[in-house]
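Order of writing sets the labels: A, B, C and D. Residues in every chain begin at 1.
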Amino acid sequence: MTEVLRITGLAKSFGALKATDDVSLTLNAGEIHALIGPNGAGKSTLIGQIAGWIVPDAGTITLEGADITGLSVAARAKAGLGRTFQVSTLAMDRTARQNVRIAAQARAGSSFRFWGQVAQDQGLRDAVDQVLGDVQMLDQADTPIAELSHGARRRVEVACALALEPKLLLLDEPMAGLGQDGTQEMTALLARLKSRIPILLVEHDMDAVFALAGRISVLVNGAVIASGPPDVIRTDPAVRTAYLGED
Amino acid sequence: MRGREGWINGALAAALLIVPLALHLAGEVYYVNLASRVVIVALAAVGLNLALGYGGMVSFGHAAFFGIGGYVAGISAHHAILGTSFLGLSTTTEMPLIWLISVLLAGVVALAIGAISLRTKGVYFIMITLAFAQMLYYFAISFPAYGGEDGLPIYVRNTFPGLNTFDPITFYGICVVALFACLFLTARIMGSRFGAALDMAHLSETRLATAGIAPFNIRLTAFVISAMMTALAGALFADLNGFVSPSMMSWHRSGEIMVIVILGGVGRLWGPVAGAIAFVLLETFLGGLTERWGLFLGLILLGTVLFARGGIMGLIAGKARHD
Amino acid sequence: MKRLAIAATAALALATAAQADTKIGMITTLSGGGSHLGIDVRDGFMLAIAQSGRTDIEVMIEDDARKPDVAKTISDKFVQRDNVDILTGIIWSNLAMAVVPSVTRGGTFYISPNAGPSPLAGAMCNENYFNVAWQNNDLHAAMGAYMKDAGVEKPFILAPNYPAGTDALTGFKSTFGEPEREIFTQLGQTDYAAEIAQIRASGADSVFFFLPGGMGISFMKQYAASGVDLPVYGPAFSFDEVILGAVGDAALGVFNTSQWAYDLDNPTNAAFVESFRAEYGRTPTLYASQGFDTANLILSALEVAEPSDADAFRAALEAANFDSVRGDFAFNSNHHPVQDILVRQVVAGDGKPTNQLVGVAVEDHRDAYAAECNM
Amino acid sequence: MPLSLIIEQALNGLQLGVTLFLMASGLTLVFGVMGLINLAHGSLYMVGAFVTAWVSASVGSFWIGLGAGIMAAAAVGALVEVAVIRRLYARDHLDQVLATFALILIFSEGTRWLFGSQPLWLDVPDLLSGAVTLPGGSPYPVFRLAIIAMGALVALGLYLMISRTRLGMRIRAGEADREMIGALGVDIATLYTLVFALGAALAGLAGAMVGALQSVQVGMGEPVLILAFVVIVIGGIGSVKGALIGAILVGVTDTMGRILLPSAFGLFMDASSATAVGSALASMLIYLLMALVLALKPQGLFPVHARA
């Protein structure tokens, strides 16, 4: 099994609070590795460090063997890290196509091109159509984001990440706020994607997590308290105590 | 460029071509020069519009670049007429060369200012760009070699190969070609990959960074291009007026360029043109009517901000389209 | 009787519109900082025009807001659209430098009622340019001479760091020699505590300063409150009647040089001061006197020749055949005044301080740049 | 340079800083609470100075004039807030800059209309005229010491108000979360008008005090406005403590630069060009200081949470 992402001994403190406490994780090709934990467990801080928004105090992050710990957000994205956000970061006044196209053009080379017109770039158009098709958004490609449903926006976010042709996806609560139908659609989408691109999935929806994930890591108070296949996690007494609130 | 805005842009372009020509044929030299003024001020605002309108960078210091362009033209002409040299280099009175130097110098200065300023955001950015412009302004006032506050006269308008730049309508032609070229360039840039990135840097910086494009570099580049266009306007302005002075760099001037962009419509390609026409005509004719023109100009501006948010273009062409 | 007067006025107005053979464009500062200078120049000028009773002169007045490019635009409008014969009115040197060279080269007469930057008196002089007020250095140079005669030995001199400021100190030193200490302040500076402390610490025996407008007001008020009591000297610009009203008693005792004083004893001046007070309800400043003289110079030349006959009109201007409120007045070879520079002292007046003539600093003063001028 | 002169110049720098603080505290308060950038703050300073000068001259008492000036500035501030500023809170900084730029034009021309274009007379009150002797022997104007004391009082007053009173609590709540205080049932519109009027009153106070030392004229607010912006940007926009420290830093840097730079250049240049070059550089010094601070700390010295 090829290892795509490896996190080793990652640590981050805010004052006395250990937001990330010696976290080590791996993500292998072809799998969905879910990261769960109660609110305030440090999931957002951990994702922030992986994506490059937060500088860790210690530890390393490697992507396909290359150390990316010191890289900027943009450089990590270029290196193959695609992600979505809990709160949408799409440009609301622009269409789905325009939002996705930014990622596609970044993938297709330098953005310091001042003359050729993106609207007439057939290569870009094909790339955008391809990923919008992947997330079943082709029919709404030219609708401004502000007019799209919540579920549709989530799928456009995923499309943006896919347009990077990433080596892995980092999805931050993609099901949040989706209705039952939306959650099912998203679950189906992720299931289709995982053979192509491994996914590190942070999610609260346990049904989705247990349906999708090959491995689950449980984060409590900044530290990983358990890691393993869904069946193991389901029965792990420490997880049940700390996370599922049973004793 | 479709719909009503397209028609308005076409009308503005036609007006810029036809009206001055008609004035010229009617022998109204003053109004031809006034038209040159409109076009040059519009060009300065087209430059700022790239940073402010499209890139969301509220620069309160663009007068610095306007002044740099002006001083390059002024200093070149000054040395050329005296037959002296600038730091051992002989200077030129050829406009194309002056423009090139203006634009490059402004680009270098903008690179330095932008590299520091763009580390900040929001009000900090507004204020630090203002501070850099004030720095250059005070330098220009107190540096005696080029006239200090008195400024520097350009006795003989700089030349353009094959053209008689003294002829008002010819000079207008040069200005309007420069304006159209920069408008075309802006349209081209905003349709390009770089433009798409700049647009996203403005609307969702996070989205841009997540796509793998560093927003800082995009912004800095746009800031530099924007400064270069404004510097070109400054060089033309100096030749139009026949002098340069530190007032070209004052914070009022920065405010005026900003006002023109907003009056016309932020982030609309032809907005600065509409804004410049309105502003220069207001300034000229209110100034002729009453000493209290500042009061009325203020009221008109206030009304625009409060009640006509899209500026003139927003008022007559509706909401901007982005496709 | 009254109806008749109105009818006559209306007829005159019509006649003015129809005839107006001479058009004068006045570009001056009527708004923004320092606008009282422009207002006084305008009022003095218009008073003389009104007193002349001539109806064939049209004066167009526009506000430059103290911005060089606005002044330039207005001058273009006057010259290119309105075809004025004569331009006048500019207060500030930097605006004059923006407007005058191109206007006079284009053949329009420019008669300066105030600004007299050194290039226009020297290397860049022009046959169509006349200055009725002074060359910028004049009042400073005269004060240098006066202080030297008065036995002052170690003056502390200061001015803002801009061309008129450096000219002022150069002018002063040209007659006085080396001062104890010289410093430049910032243009528009409002707090002078640091400079006043330096004055106190310097061991100087007097202070000479050139700080026009609000800067001078601030300096005088702060100087008076500082407890430093060295005698103060300066050009009239910081001690006109308007500024004295704002400075108050802090200015008492200061000596200042001026080419004119409202208590200067000659009949033309007495009539001018009286009619100005009657018309506008205030005592004229030197700027008003300059506006008045400028208009009278133009009127005197118009008696002899039309501006369309440029050579004859220029000769008439050069003759300066008018009754100046300053008494004797003549033009030097560079079209700048040859005149007495007076010394005034600020004394307590009716409610606010006022100037009192105390003597003559230099007789028949000529500026230092005439030799550089080749017309 | 003798010690007495250094003490005196340090006091001068402090006094300039305190004056700037009076301006900057209002600006920073308005920004901190309402997120508004107000270029017209200098106009309120001008209103304070003009009304103080006019009333002082009419009734013959500086103190009545001062009271009137502060109240007029506060009243004009409240009026402007209700008529114009209120519509700008939800707008971006660009609209705020433009609208308040327009207000400057309106205020300047309006003041000239009312008071004429000549500077007004305003003098230091008898009680505070004269000078005291500093340690080291040089005399120092009482009025300047009074300005320093006034600034210290205002700083203390603001500190107490923000940390101890209900209004202060609301102001702090406003800084933390505008929606929250709406939810708490505080009448947010009134609070904003009050804060704006308070900032205006501080500007009016600064204008009145400084007006006694300087020239009371149209446009007097503009140079000090730009300096006040430099101050709050250095200090961290929204932070009253930052405004205080930034103001003193700017005041001292400016004063010391004006004295020391020309002398420093005098060491290796002739006197005339040294003063010219030195004072040219001195006029750029505070802007250099600001660029340096922002290059190192883009949010200013005392950053308030990311709002800007």
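Please note the rule applied: a residue touches a chain if its C-beta (ideal position, glycine included) is under 8 Å from a C-beta of that chain, and two chains touch if they have at least 3 such contacts.
On a predicted model such as this, the values are computed, not experimentally measured, just so you know.
J.: Across the interfaces B-C and C-D, which one involves more C-beta pairs in contact?
T.: Most C-beta pairs in contact, of the two: C-D.
J.: Quick one: point me to the chain whose Cα centre is farthest from that of chain C.
T.: Greatest centre separation from chain C goes to chain A.
J.: Which integer distance in Å separates the CA centroid of chain C from that of chain D?
T.: 35
J.: Indicate the whole-number Å distance between the mean C-alpha point of chain A and the mean C-alpha point of chain C.
T.: Computed value for the inter-centroid distance: 75 Å.
J.: Report the inter-chain centroid distance for chain A and chain D in whole angstrom, where each centroid is the mean of the CA atoms.
T.: Each chain's C-alpha centroid was found; their separation is 49 Å.
J.: By residue number and range, which residues of chain A touch two or more other chains?
T.: Not one residue in chain A touches at least two other chains.
J.: So which bits of chain B are touching at least two other chains?
T.: Residues 138, 141-142, 144, 292, 294.
J.: Would you please write down the residue numbers of chain D that are in contact with two or more other chains?
T.: Within chain D, the residues that touch at least two other chains are 108-109, 276, 279-280, 283.
J.: Check the chains against each other and report every pair that touches.
T.: A-B, B-C, B-D, C-D
J.: Would you tell me which residues of chain B are touching chain C in their complex?
T.: For chain B paired with chain C, touching residues are 28-31, 33-34, 37, 138, 141-142, 144, 147-151, 153, 155, 237, 241-243, 245, 247-248, 283-284, 287-288, 291-294.
J.: Which of the residues in chain B end up touching chain A in this complex?
T.: 188-189, 191-197, 199-200, 203-204, 206-215, 217-218, 221, 322-323
J.: For chain C, which residues are in contact with chain B within the complex?
T.: 30-31, 62-63, 65, 67-70, 72-74, 76-77, 79-81, 93-94, 97-98, 101-102, 105, 117, 124, 161-164, 166, 184, 186-187
J.: Can you tell me which positions in chain C touch chain D when the two form their complex?
T.: Of all residues in chain C, those touching chain D are 30-33, 35-36, 39, 161, 166, 182-188, 190-191, 193-195, 197-198, 200-201, 213-215, 217-218, 221-222, 225-228, 242-243, 245-250, 352.
J.: Give the list of chain D residues in touch with chain C in this complex.
T.: Its residues touching chain C are 1-2, 5, 8-9, 12-13, 15-16, 19, 108-109, 112, 117-121, 123-124, 129-131, 138-141, 143-144, 210, 212-220, 223-224, 255, 258-259, 262, 271-272, 275-276, 279-280, 282-283.
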